[in-house]
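There's a structure below that I have some questions on.
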Amino acid sequence: MKRNVIVTDVPRPDMALVEQLGQYGSATVHEAMGRDGLMQPYLRPIYPEAKVAGTAVTVRCHPGDNLMIHAAIEVCRPGDVLVVVPEAESTDGMFGELLATSARAHGVLGLVIDAGVRDVTALTEMRFPVWSKAISARGTVKATPGAVNVPVVCGGVLVRAGDAIIADADGIVCVPREDVPAVLEKAAARTAKEDANRARLAAGELGVDIYGLRDKLKALGVTYVRHDEWEG
Amino acid sequence: MKRNVIVTDVPRPDMALVEQLGQYGSATVHEAMGRDGLMQPYLRPIYPEAKVAGTAVTVRCHPGDNLMIHAAIEVCRPGDVLVVVPEAESTDGMFGELLATSARAHGVLGLVIDAGVRDVTALTEMRFPVWSKAISARGTVKATPGAVNVPVVCGGVLVRAGDAIIADADGIVCVPREDVPAVLEKAAARTAKEDANRARLAAGELGVDIYGLRDKLKALGVTYVRHDEWEG
Amino acid sequence: MKRNVIVTDVPRPDMALVEQLGQYGSATVHEAMGRDGLMQPYLRPIYPEAKVAGTAVTVRCHPGDNLMIHAAIEVCRPGDVLVVVPEAESTDGMFGELLATSARAHGVLGLVIDAGVRDVTALTEMRFPVWSKAISARGTVKATPGAVNVPVVCGGVLVRAGDAIIADADGIVCVPREDVPAVLEKAAARTAKEDANRARLAAGELGVDIYGLRDKLKALGVTYVRHDEWEG
Amino acid sequence: MKRNVIVTDVPRPDMALVEQLGQYGSATVHEAMGRDGLMQPYLRPIYPEAKVAGTAVTVRCHPGDNLMIHAAIEVCRPGDVLVVVPEAESTDGMFGELLATSARAHGVLGLVIDAGVRDVTALTEMRFPVWSKAISARGTVKATPGAVNVPVVCGGVLVRAGDAIIADADGIVCVPREDVPAVLEKAAARTAKEDANRARLAAGELGVDIYGLRDKLKALGVTYVRHDEWEG
Amino acid sequence: MKRNVIVTDVPRPDMALVEQLGQYGSATVHEAMGRDGLMQPYLRPIYPEAKVAGTAVTVRCHPGDNLMIHAAIEVCRPGDVLVVVPEAESTDGMFGELLATSARAHGVLGLVIDAGVRDVTALTEMRFPVWSKAISARGTVKATPGAVNVPVVCGGVLVRAGDAIIADADGIVCVPREDVPAVLEKAAARTAKEDANRARLAAGELGVDIYGLRDKLKALGVTYVRHDEWEG
Amino acid sequence: MKRNVIVTDVPRPDMALVEQLGQYGSATVHEAMGRDGLMQPYLRPIYPEAKVAGTAVTVRCHPGDNLMIHAAIEVCRPGDVLVVVPEAESTDGMFGELLATSARAHGVLGLVIDAGVRDVTALTEMRFPVWSKAISARGTVKATPGAVNVPVVCGGVLVRAGDAIIADADGIVCVPREDVPAVLEKAAARTAKEDANRARLAAGELGVDIYGLRDKLKALGVTYVRHDEWEG
């Protein structure tokens, strides 16, 4: 049953590890999780260089009401990222420059919101990174209860308080807090392999050779034909 | 009944007041109107810094036909903003660099179009601000009648000729021409209040304290629980 | 019947002509084709200055599988543009920095993909232009067959291997390879005419006069009325 | 400025005329208005035979809040159709079987809602016609003020209290109350012409002959070519 | 971390209670949960009378691949409802008449799928209820691993194996298995109250009186004004 | 280059074979083509039992203009299906009861239109099957040239005049005219196999056994675990 509760003293993973995850970026982290944890691509950053790695403070709000975001700031700690979800679809601008000022004063690193955001020019100048579904000047009230730090579904992904949020221009990945060390290890391995391949590819070697795909293509029945011999 | 008419000599509000409104930005003006007048967020600026405050010259066009935009330029005055709406949904690029050149020569400050726009690289270089539903190279004909300066619905909002248009990165607000002085007053009051709060929030004071939300949360039944005591 | 084939030795149009087409830009080329060949506007560039003119190497992939993109690189030549289409709708990030590195090593100029792309920060730094339906970190497998250089439908437009692809901030136009010389001629004529009109419009002359639209407006029954005489 | 007001004693057009308009159907009425007044096609009936002709009682609601619909029932008269619009996009089920029971008890004929509806099985059994943007079980609160019988934009069309609403499987048309007699006349003329053409078309006569389109096709440069002589 | 696992011997709630929940319907159950648990309204039934109440067997699939649905049938029990989710957005027809035949032979009552379905004419004749995002003939392969009976996000809602699924024309609600008895109690109370109100509303009593909304409207500042005295 | 031409004397495949294809339905035919030829699922029938198998007469129109549909009727033969595509996205109701009356008088079996349709109540009563993107009363003009029987892209699929169109509740498949006999053969083989499997599945045999999927699941690393031993 839904409960209107603010959960405090949420365990967070080791921030140093979360920051390391952030250096790998969302694509590598998503791959390291076995292609899991990625939010849907309709959530976009408000400026191209937006980038964040932190721990989730989740917020469940009534649509068009940002009361619970204000309540959430109090339980944020340095290194947190707000993850805000309305109970029904909304594009209202539930978060703006004043809330960002407040959040930053408490060490919050950024925002992921499955709704709208406003004051994007000011937020961009502040370099306060936000990923949202919409940009909208539409304001909200502070009238209806909700919850903080309960599990929420954001961009199609379950996020629990304290999970790691890795976001950049490619998207947003949620890493369950207990999986952070294991994912970090896999991300490192994957990156090492990619670094080796990058040099070979840049030198003109073909992916079909490096990854051994010629046999696979053959086995799958893919054939080669000259254009002038092809019926098309 | 629909009439294909070009209305001339439209009354405009005092341009100095419109410019002042523009300095407050779309979010504040929308709030000052009692959260009204905001167009839907699918209308987006073609470059991030786009910003305009002016008086509407409205244009109703056949989809895929920009004849009436040409006709509208003649009745534009310095300080106007074109507000163009096709009679049926369209993403065609009904406006481009040549029309912007012509519009600017007559003092037009920018464009809001519930359709597509093209030549966006040139428009960006010209710093001619445009808010549109799409960017599309698709061209149009000049063959079908329409109307200028009749009331139109743009982005879900009724716009009459001479209404004030305040647009920036957060969206587009239409202020009925007779409401401009009253909205300006409310916008000033709101901004003064926000300025006071900004300093307190930046200093770490909480919104729940500044806005007196603790009692409201309690009255709404929101409770606090430690994570290790929570069943959730 | 669908065939999983890689077609080689595709004829290309004269690259010098394709580059000239590129200088006119997508809007002019689309007009020069009689308003044809333009892909739908949901395909957007990953950075505003993205611009390309080249010859299509087409790739048909299983959704979520980029095996055939790897296979396609081998048959690319300098001046080519990859045009990638999944068999069913997908926003997965089928192409990223490693593939771009490989493609560039073989002279590929850019990518049009009716799906997602990832590593957009790196691709932007490389200035490797991409037009896509989505930006998404979601990775893909290399497991299912497809085809290279067969006709595909991308963004609603039929593209055959070797057709010219002209893309910029306004969109993407596909010019059938045999039509390149004729389209080039028409684009030149159109541009000359526009250049002449630009100066007149900038000087304040009206489009209704330059294009002779006053008679048309009259013939279409469009009338003028003063605002204070209008019942509206 | 937005005002939270309930407007009473709204003038309605002659109900007998509105019913006659209804017999022509939305397509004919829309044509008779000069192709005007049609709401966007995302508003769909909840059952295929839904059909209504009545006079608008307009309702502006906060998203997720149906307080004002309850307030509106009191000012409804027999022959009215509720036209409900939320202030921001919403798909919540703001109206259901209980409200329909109440509305019908006061002579309300149906509902057009730019949001969601629920209890559609019961509403279908009651034959209470509804056009909506979504079907959704999501419930609403009764907490926020709004307005009744003020002008609203529904499905992209301005609706004033007392305007005629003609809706069926093809869509919803709003006829300004003062235009009802004139539109009725044009609808009758159009229908007479269509009836005459229907018989000729059924007998195999061609539209290009009946409507005299052969010359137009020729003038527009459309030519005929045998398939075996066509390069295409 | 994502695991490709088939979880067996999942606990189910008492089927008799689930069936009782089903008799209340999705709207009432959603309200009884405190307006929670409702999937997004893009999931629609394939025929208007579709209705189901059962226990979830969850399936996570690769897009365009239905291997895991086949694997899931083996762990289904009478009274189950399949809840199928692809790892990335897809509209492919992953389920059709043959799978329905198989599922029904094992007592499965219906399907909720966050993707496409096909053979809808046959499924409708079988009265096998399905809620889906799309109807599509597009077929799938059986090539990629996934999971059965792990938590999934379907239509924006977290579903765990064994949770109750209540679906009808208004939508789909997921009730956590441990909450079934409490939700049932609240649904009964709500229905009793609604039954009492229905009779009063049908007799013409107003909701503003029954629900005591007149004072609220007044407190919120809503005023009444005659149309001929209104400036609006 | 785009040409405004009406192509006559188009070769059609053997109608008896096309009708046989129709009996297999869109899903089977799409599979028989190697999962090819299926239009996107946004094209939906106007009534659930709509079903057609015929030969394409293609029509390219200006958006909001149905002149070329009238021109197309003259070159239709019994057994044809109209496939209508606007040059830019449109939801206008370009086709209604009068055109259907005319088309039927010339033996046309149905319509696929990548735009809107109107008079759907009348079309349903006539049992004239239509697949469309939208239902809309919005009318069109007869003013702009286009083409008949040239290749078009409809719902993402290339359709040439004379290709077979197989459409039903699951979607629309286009079979190139020269492939009809081969596709028919494969459809028959597939159906025979499915018939055999249907009986076994109805008897409770599992797909994982019938299709030999147990080894595949094992090879892919899918494991079984009891719920009470699973960490979740």
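By letter and in written order, the chains are A, B, C, D, E and F; residue numbering begins at 1 in each of them.
Keep this in mind: a contact is a pair of C-beta atoms (placed from the backbone, for glycine too) under 8 Å apart; a residue touches a chain by one contact, two chains touch by 3 or more.
What you are looking at is a predicted structure, and each value in this text was computed from that prediction instead of being measured.
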item: Chains touching both chain B and chain D, listed by label; value: A, F
item: Those chains which touch chain F and also touch chain C; value: B, E
item: Comparison of A-E and A-C by number of C-beta pairs in contact, larger one; value: A-C
item: Interface residue overlap between copies chain B and chain F, same or different (over half shared); value: same
item: Whole-Å gap separating chain D and chain E, where each centre is the average of the chain's CA atoms; value: 30
item: CA centroid of chain A to CA centroid of chain F, Å; value: 39
item: Set of chain F residues in contact with two or more other chains; value: 35, 89, 91, 138, 143-144, 151
item: Arrangement of touching chains [line / ring / star / complete / other]; value: other
item: Touching pairs among all chains present in the structure; value: A-B, A-C, A-D, A-E, B-C, B-D, B-F, C-E, C-F, D-E, D-F, E-F
item: Partner chain D, residues of chain A touching it in the complex; value: 62-64, 88-92, 138, 141, 143-144
item: Residue numbers on chain A that touch chain C, as the complex places them; value: 25-27, 30-31, 35, 38, 41, 44, 48-49, 168-171, 173, 194, 197-198, 201-204, 206-208, 211, 213, 216-217, 220-228, 230, 232
item: Interface residues, chain B side, partner chain D - complex; value: 1-2, 33-36, 40, 87, 89, 151, 153, 156-158, 176, 179, 182-183
item: List of chain D residues in touch with chain E within their complex; value: 3-11, 47, 67-68, 70-71, 73-74, 91, 93, 96-99, 101-102, 104-106, 116, 118-121, 124, 134-139, 142-147, 149-151, 161
